[in-house]
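Here you go, one structure.
The letters A, B and C name the chains in turn, as written, and every chain counts its residues from 1.
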């Protein structure tokens, strides 16, 4: 578990993180979202004891990072895959990491195998593709078999198979009861990966909730209905006070009603349904809705 | 329009691209997908005349790249956002590019504004974040107001707002009748961006089709059904349909949603949900490229 | 003309060319000042003010090599070839711009060194620019810089790496050409035909009645006349440059 309490970081006059409090629960993949400059990296760095909070604190299983005995056994992190000496081999890189935390050499082979780098373990890391570096970074994070894992943009540079692999991998770690915090800009990916979200903007907490709640709260829910008797059904729904729009393909989009309500009305009138799909907003829509005013700079809106 | 015909590239004994033929249409956003090492970058480089094909050819609006007069006015490309001299300012970088193709300096300011870099135009590009570099690369691609645009991983390093912006921007470019060719590994993003797909693996064409068709062909459709009388409905479904249970719902394979709806109405069963479930682009892609993946992580 | 402007923008919008130019001027003129200040035995001849041009030449060649290797290092070469896919014309334009700039720096080095010597020495009797040879000592620097920059540009284009190109040029010019004389019998004969030795002959060779004591100043071996030496050096430089153009045209960018 990670607990941030009133976490604040100032760089000179700039407030990067502003009285931020949140909890990351074990057993779930928690997404950490925010526009550029929201303070995500700074927060991650404070969790890992790389930056010192100006005020407030962040605890990992009840202790600040710096008070952890052999921290790699408690917390594993992948912040930047390129933090590897280019002339050192993948194995040598993991070897010294393992040594520094009193971990046995065979654990290095285990994690290399886990991320699929066994065959290239002796090659110098400088020659790795971004995808391979990313896997090496993940291997490093897993070395101490930690209960808490932090990932910053983990799918960066991975190909589709790698992306799928890391998503399932993170969900597997969470299922084992570990705490997994993932920061990413790829919302369509995060919608598939994270079951909880911590969203920040300009250093402040915007939302902490499950992904489903987050999306439902800030987007409009609708139901898509297709029926051979669409006109009749549409009129009935309007009578009940719901808003109905007819699309080009003849399908109705009903807002203000749940699919259960629409289904009940249809059944009561004996109307045949060909489709009755609840439409959920996307994580992206919800995110844009909530962070709209905390974006650092905007690209010009219109094209030529 | 981009047309590749029998495009082949050997590096020594390695075959990076192998007899590849495809067409990228104008007016659509076409995604270019493939696992690592499939030959996407090599193909992009051959389109731009940076690498010479061992065999075959690739034409842009009927011409080879090096036959284009002032090519930046026909083709704009973002291959790698870091291809900028770190000590040169963003504006100077665009200025020499513009000058080389007789593009007025006024256009440099226009594209800087378009990508939202006006305020940092005089700062050295080496100090830019990945997202800013990406915007600079996009500005460079747009400089000549080209009819054909190539992007390699355009959302790399962009934040959610930037990602949404570039997606909408690419759609707008295609709507204006331009040819937009985008390579990316982010399938959930590509599913929203690309209308057409060209998929390659080990240097060969795996599929050229619309995104919708690609998903339909490679994945199985299912219908999610919820009802207060779920058990009765289950018994009414014909023998051919396969049914799996999920949190208070049925997942029905091999039966059209309309058929299920009619069956329910006929028997007076109330439906609370009847939604067709599409496979994802990711499932379809993994299914089709399984054999051509460079190396696998341990399961 | 457009491409010349493009290359000019590229060269002057980064810092390293400026540093190289300042360094080339500072080293050459600075060391000449030291020579002039120490020239107390007899009158300083014109040729003595040109000895130090070699420092500047090395720096100018580094600048020329950087002009192309940084394009490879930072990937801008792709943008260059995308913008002008025939490849030859942007590289020729770069050659012209770099050579002209080097010539200007050479001019400043030549006149700067001579002018500063004029201000420093007490006995100016041998320092007036009277003969064609005197003028060659001063103006020749500019021509050698121009040719040398093309040579370096050629090497840079072939090698594509800054470290590689710079070490090849410096090791060859400063070590190989001097150490070759250690080869018994033929060493001296080989040295006479090596490019930088020949270039040196053009700038420093056949000085009018030098006021220097015997053995002072750098040795000036060589079989060709001074102007023949320049032709020879320029031909070698152009050969490298042309080969590099052909290779760049054929190679994948």
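Here, contacts are C-beta pairs under 8 Å (C-beta built on N, C-alpha and C of every residue); 3 or more make two chains touch, one makes a residue touch a chain.
As the structure is a computational prediction, the values presented were derived from the model and not from experiment.
Peer 1: Leaving out chain B, how do the leftover chains split into contact groups?
Peer 2: Remove chain B in thought and the touching groups are A | C.
Peer 1: Highest contact-pair count belongs to which two chains?
Peer 2: Pair with the most C-beta pairs in contact: A-B.
Peer 1: Select the chain whose centre, defined as the mean of its C-alpha atoms, is least distant from the mean of all protein C-alpha atoms.
Peer 2: B
Peer 1: Taking each chain's centre as the mean of its CA atoms, how far is chain B from chain C in angstrom?
Peer 2: Each chain reduced to its C-alpha mean, chain B and chain C end up 50 Å apart.
Peer 1: Let me have the rounded angstrom distance from the C-alpha centre of chain A over to the C-alpha centre of chain C, please.
Peer 2: 58
Peer 1: So, what's the distance in Å between the C-alpha centres of chain B and chain A?
Peer 2: 22
Peer 1: Contact residues on chain B for chain A in the complex?
Peer 2: Residues 33, 35-36, 113-116, 119, 129, 131, 135, 145, 155-165, 169, 172-173, 176, 185-189, 191-192, 226-227, 257-258, 261-262, 264-265, 268-276, 282, 285-286, 289, 293-298 of chain B touch chain A in their complex.
Peer 1: Sort out for me which residues of chain C touch chain B in the complex.
Peer 2: Residues of chain C touching chain B: 2-3, 5-6, 9-10, 13-16, 70-71, 74-76, 78-86, 90, 250, 252-253.
Peer 1: What part of chain B is in contact with chain C in the complex they form?
Peer 2: 45, 48-52, 65-66, 68, 71-72, 75, 77, 79-80, 82-89, 92-93, 95-97, 99-102, 140
Peer 1: Mind pulling up the chain A residues that touch chain B in the complex?
Peer 2: Those in contact with chain B are residues 33, 35-36, 113-116, 118-119, 129, 131, 135, 155-156, 158-165, 185-189, 191-192, 224, 226-227, 259-260, 263-264, 266-267, 270-278, 284, 287-288, 291, 295, 297-300, 303-304.
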